[in-house]
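Each of the next two complexes has subunit A plus one more chain, namely subunit B in the first and subunit C in the second.
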Partner chain A sequence: MDAPKPQAVTLTIDEREVTVPKGTTILRAAESIGIEIPRYCYHPGLSSPAQCRICLVEVVGAPKLAASCVTEAMEGQQVRTQSEPALEMRRGVLEFYLANHPLDCPICDQSGECKLQDYVHAEGREHGRSREPKRVFGRDDFGGDVLFYGDRCVMCTRCVRFMNEMAQDPRLAVVERGNRSIIDTFFDEGVEGSPYSGNIVDICPVGALVSKDFLHKARAWDLEHTPSVCPNCSQGCNIEIHTRDNLVQRLKPRDNPEVNQYWMCDYGRARYEWLNRGDRIEAPLIRTGERDARAAASWEEAIRAAAAELGGAEGPVRAVASAFVSNEALVALATLVEALGGGEIVFRSPRTVGEIPLPGFEKLARREDLAPNREGAEALGMKRVGTNDATGGLESLAAHAGKLVVLGDELEDAGPEFGAEAAAYLYLGSYPTEGAGRAKVVLPITTFAEEEGSFTNHARIVQRYEPALQAPGMARPAATVLEALRAALGTPAGALAGRRGS
Partner chain B sequence: MTISVKVMRRPEPGETSYLRATLRGMALTFKHLVNPKKVTVEYPEERPDLSPRWRGTHVMETHADGRPKCVACGLCPTVCPANCIRLVGGEDDMGNRYPLVYEIDEFRCIFCGMCQEVCPVEAIHVGVHFENAEYTRDRFVYDLDRLMAQEHPSTLLWDPSDGASE
Partner chain C sequence: MAYPYTHEKEVRLLSRGWGDPAARTLAGARAMGGYEGLAKALELGREKVIEEVKASGLRGRGGAGFPTGMKWSFMPKEKRGPHYLCCNADESEPGTFKDRELLRWTPHQLIEGCLIAAYAIQAEHAYLYCRGEFFEANQVLARAVAEAYEAGLAGEKILGSGITIDLTVHQGAGAYICGEETALMNSLEGRRGLPRVKPPFPAAAGLFNRPTTINNVETLCAVPHIIKNGGAWYRQWGSEKSPGTKLFCVSGHVVRPGNYELPLGFPLQELIYDVCGGFREGRRLKAVIPGGSSVPIMSEAECLDCSLDYEGVAAKGSMLGCASVIVMDDSTNIVKQVRRMVDFYAHESCGQCTPCREGTTWLSRILVRIETGRGTEEDLQTLLDLGKQMTGTTICVLSDSAAAPVASSIQKFRDDYLALIRQGEAVGAA
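Right after this comes the complex of A and B.
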């Protein structure tokens, strides 16, 4: 059955005509032509209680100003967001907010990305007129990663509605009335243990809810934002990596209605420290005789040595991949293995039991696979081996007598004798490991945060990410390295072409 | 094409006398000898008077209990055109935001005074001070303790005699 075609309405906003489907609010209609109407309580992922009164606009003919976040756009409506009555009302509303807001922007973590700061700068009064003392609540630990500064709160109740509607775990409420009203928790544990509570920090338009992890770490304007994909489970939430001084400072969700809407889980949000690890393989290493004697080499020498090693050795090829590397690297590995005569490729990836869904948005859950690209590896015919904590499974490879290629796997439990029997052993990785001790050539590769690439998530959506960090030393993206190696071996490109899109 | 010849005009004997220029120079010299406005300051026994708006090396103001007034808001490293301020914020045991690291490279500093102007809590100031000699270069990176220990007066960025200029 065909859904009835949505009826369109045409209205005029600030002298510009816009046509939107019937039922669209004025705020969304304005947004579609690039007019931002201020908002605090309105969030696209939550219900609109129309209580912050900052989105009031003038609708010609209406007796009063209309809250644009709940008023539907009507045919022929004339909306003015910048008319004198609308501006005067917003100035007044902002003055009321500042009656109790502490203006501690210098020590507030939200400073620089604060909606109150933005709107007051844009439309507020130049000087305050209030001489009365401000209410003082102090700060409160809400549990989890969340810290609450009551003085800064503008009572938009986004956090309360997120816990009620999205997490469906009502742990926050507004208590008291009028001037004394404040967000509070029911019990001492607050939002502790709620797997999605970090989102209330993101949606807080002011600095009332701040992250304990990020507290005082960096100023918002110092951070560089890079669009990326969360590497901590196979959901593949769209994120922004916020970096400063080439270190990851925090992860923030980026909206994507197909994958994660506006949210991400606390599990993914908290796991970024491994991207800042300092112990890295920084240069290509070639073994010179005895096992621990290695010499740093140029890329040219290293690729030549690796090609000579792999091309000259006898025996079948086997490879270990990783579910933490990009699709591009996996394809390049599969192409290389095929060029060397074809052989089995296995990978190990951590897995847990049980998903952690977000009840308000059913597409989003912390998935069982705690690696971003298991689906991508399996789509290329690679086989998952080992246990759920990504150990074991490599016993037959450890003593493999032919050619052996390892990409990305840290070989934590493999021991120094891994690959001792191999005729040719090549290791590509980011971190120094005992398991690479017997490798003839060790090539440094970048982590996902330092390269461009893509992951395939649990629903087989391929998502691209961009480089957020500078790679250390001479590390290069694995796809580039493997492609250079394949070219040095003199085999044709695209041997895998027929299998793409499988 | 003809060769062009430039004919130099030789000065007349009357014009080559240096007496007039010498006399003019000596007149200036003797004028300074008796000029009551210009004096030689017998530095270092005598100190020159610096303007209250002089911008010299920095001073960090402190609270009565010895803590720095700085709240590590990060505005001075942001505004600094010479990029000479390094600031790492942290939280002290009373839950206040404060600078874990606050360093100013006085070699890089161009003494524009914008750090003082931008400071919301009036913590960092440029000072009325000019004697900065040290024996090693690394002594010119002033850390927080040194900035707090500075004894010279801090600068007024406005003209103190003009009430409207503040």
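Right after this comes the complex of A and C.
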């Protein structure tokens, strides 16, 4: 019987020893010890055509330089990524790119995130030797959110391969050949309607494919990047929120091999404007008259007023939560309701028909549930009510005569008489709404982008996010507010202990 | 009258039927001993067929010169699914026109070679990838394949044996790159004709991801003769390392350009001055490209004692390639000739690899500048540097092919470049 094949190989890369699983490429092996080999066509989520030829490295004893993205690491191999032959070849490849690539960095959206810029700065020649006029392709509207600048394209074909392999919707192709090669679409609509097409902008290593939405909005180096979780469906794609001037400029996917790999859907990517809404509740408000007459108050006054309102009222407690708020806020709400004697908590969340999976990575889909934390709410025993457009279901609560707490739900369909019968009505929200008109106390809370917290996705994976924006005015995280309120009511923190994890 | 030009020193083995319309038919082919090799191959068995081809020393005639028998032996012995044979009939290198004639005049010789090769490598299907522009050749080949099927020579139970070998003629769409074996396979599969990264090599995962052997037309045409007469018989021509006959397609400034079948090792001087009749009066040799446009140019001095076999030409710093001898007399503007060749490669580059996609066009544009009197001496160093960056850095060798004549012409005909650069006027009248 044959001896089992070794499962790991040990090699040296730039004099550093590394052991990697058999089958690992040199590029990945180098990456595992922090050595980045330049690459354009290589992307970890796609096939490797080894065509950009910039990842060439010297393998001692080999007759030619090897394309590290497709060359398997071998036992005892000595790889040199910084030797003169390797550097000379990379300089050469960069010079070839610059023969036709326009140097329009001052207006290119990718400036600051462009791999051509980075690599030329790191390893390129000081002066290009091309004296010929540059090739001109112009630009093309690829449909959807995608604009194509042919002159900047480095023909890495990542976009074509993404559409073929991951979206399995082959709408892009390389047409013509040689120096005349260009990426093009087959149809007038281009990538319009293809639900994952925004990813081709993300994976373009230069400024050839840009987002129309982001075009000329901000320079890459002016953006703050904050790790977060997409709030637009229960998939919970890992994202980065890119902000400038305390406004969200765009959402970008963040790698997570278990949840979304390197991708996110266009639906989630496009829905961030609500985070920039200016009409916010910026201060705690205490009703002073019969209705609509409210005065801004300090947090101390507001919490005291809310505790007095809830503590002094008779009758059972009922609450409305939102599946768009964090696990921490939901737990704090449940704790508060428990402390007030216990009662039903309902939530509403929008839901669409059918899921839209990414064929090349089916773990990722635009899920039916369009709220990020339905699982979190249900795990705490909260009950979903209402229709699939997140309306209705609150009729009995609208006329509830006991204590009523609303957390995060904008009550768009509830009307100004919502809570009119309540003995005590407390509203915690981010945006002004008619439905809060009868509330004695209105408390401003942060959106998920302004706080630290977590969502539980459809697969019950709990994922944390970080604050990307500064909260407006006096808005605070709902969990903090609810905890403060519970403390003001004088109830112990462990009141919910028996329900957690149910 | 014989085929346009013939010469008494020729050994007309593969080209025997050229010029004779009867040779295109099955009856004509059989009259010349056609399909006797196939019958013998079936008697010998697969292993012995491969051994016989190995013994002949036949080297691939597509340009690389890799030993054919060894290539066949790389195919898996145990069969776990279909094996394929591909005949590369996509000839289109500038200066190369030998396979077209084999296809036009002796299609049955090729079909027989395909059947023997397919039998040897256990392939039940042979694809003949024929250049689309070879309109006549495609028609002739298609008729011959139909005849072979009708006669029971192809298809099920060939020659009454239990062997099934199907033949499919596929017309290429006219891309030079589809003559590169992995691009050819992509094209056959209905994909864009782009060379594939190796490994895996075709013998492990080729056409439709199955073990595949790809041979050139001329290689396959030699096979029936080798099987019929034996490997040792084939070695009566040529040298130890380069045995057999070779079709030399001679173009350029000779009096009688054309195809000549000669033993490998034939002297270049004799080919030019005797077989091809030398030059027009008052003209003399300036340069030769011995193996198609993709190999380094040879100067007059290098041509003096050059023997036309793989080693002989390599000793002169060039390559025999597919033995397409492009001869240039002293009226030639070398810069212009090189620019035209580079133009071809720039046009035909698949565009996949950066050094080739950008480099071929860049070379061409610099050469145009020099040719039109707008070049500088620094351009020569740039050309050499670019050529170096384009050699050995890409998936296939198209990039190397474009760089080779540029670098060698600058080394050997630098004065031609300098004359244009310094005086801004053309050299020669070509």
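Convention: the second predicted complex is superposed on the first by the 495 of 502 C-alpha atoms of A that agree within 3 Å, B and C clash if a C-alpha of one lies under 4 Å from a C-alpha of the other, contacts with A are read in each partner's own complex, and residues count from 1 in each chain.
Criterion: contacts are C-beta pairs under 8 Å (C-beta built on N, C-alpha and C of every residue); 3 or more make two chains touch, one makes a residue touch a chain.
Since the model is a prediction, treat every value here as computed from it, not as a measurement.
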**OP:** Using the overlay on subunit A, decide if subunit B and subunit C clash or can fit next to each other.
**Re:** fit
Original post:
For A:K217, is the partner it touches subunit B (first), subunit C (second), both, or none of the two (neither)?
Top reply: first
**OP:** Based on the superposed arrangement, let me know which partner A:P106 touches: subunit B (first), subunit C (second), both, or neither?
**Re:** first
Original post:
Who wins on subunit A residues touched, subunit B or subunit C?
Top reply: C
**OP:** Could you tell me if A:R139 is touching subunit B, subunit C, both of them or neither one (first, second, both, neither)?
**Re:** first
**OP:** May I ask you to decide whether A:S181 touches subunit B, subunit C, both, or neither, giving the answer as first, second, both or neither?
**Re:** second
**OP:** Please indicate which partner A:V154 is in contact with in the superposed arrangement: first for subunit B, second for subunit C, both, or neither.
**Re:** second
Subject >> Vertex subunit A angle, Cα centres of subunit C and subunit B, expressed to the nearest 10 degrees >> reply: 90
**OP:** Check whether A:Y97 is in contact with subunit B, with subunit C, with both or with neither, and answer first, second, both or neither.
**Re:** second
**OP:** Superposed on chain A, how close does subunit B come to subunit C by Cα atoms? Whole Å, please.
**Re:** 24
Original post:
Within the complex, which stretch of subunit B touches subunit A?
Top reply: 71-75, 78, 89-91, 95-97, 120-121
Subject >> subunit C to subunit A touching residues, read off their complex >> reply: 175, 177, 192, 197, 346-362, 365-366, 369, 378, 382, 385-386, 388-389, 392-395
**OP:** Spell out the part of subunit A that touches subunit C in their complex, as residue ranges.
**Re:** 48-54, 56, 63-65, 67, 70, 88-89, 92-93, 95-97, 99-100, 129-132, 135, 154-155, 173-174, 176-181
Subject >> Complex interface listing, subunit A residues touching subunit B >> reply: 105-107, 111, 139, 215-217, 219, 221-222
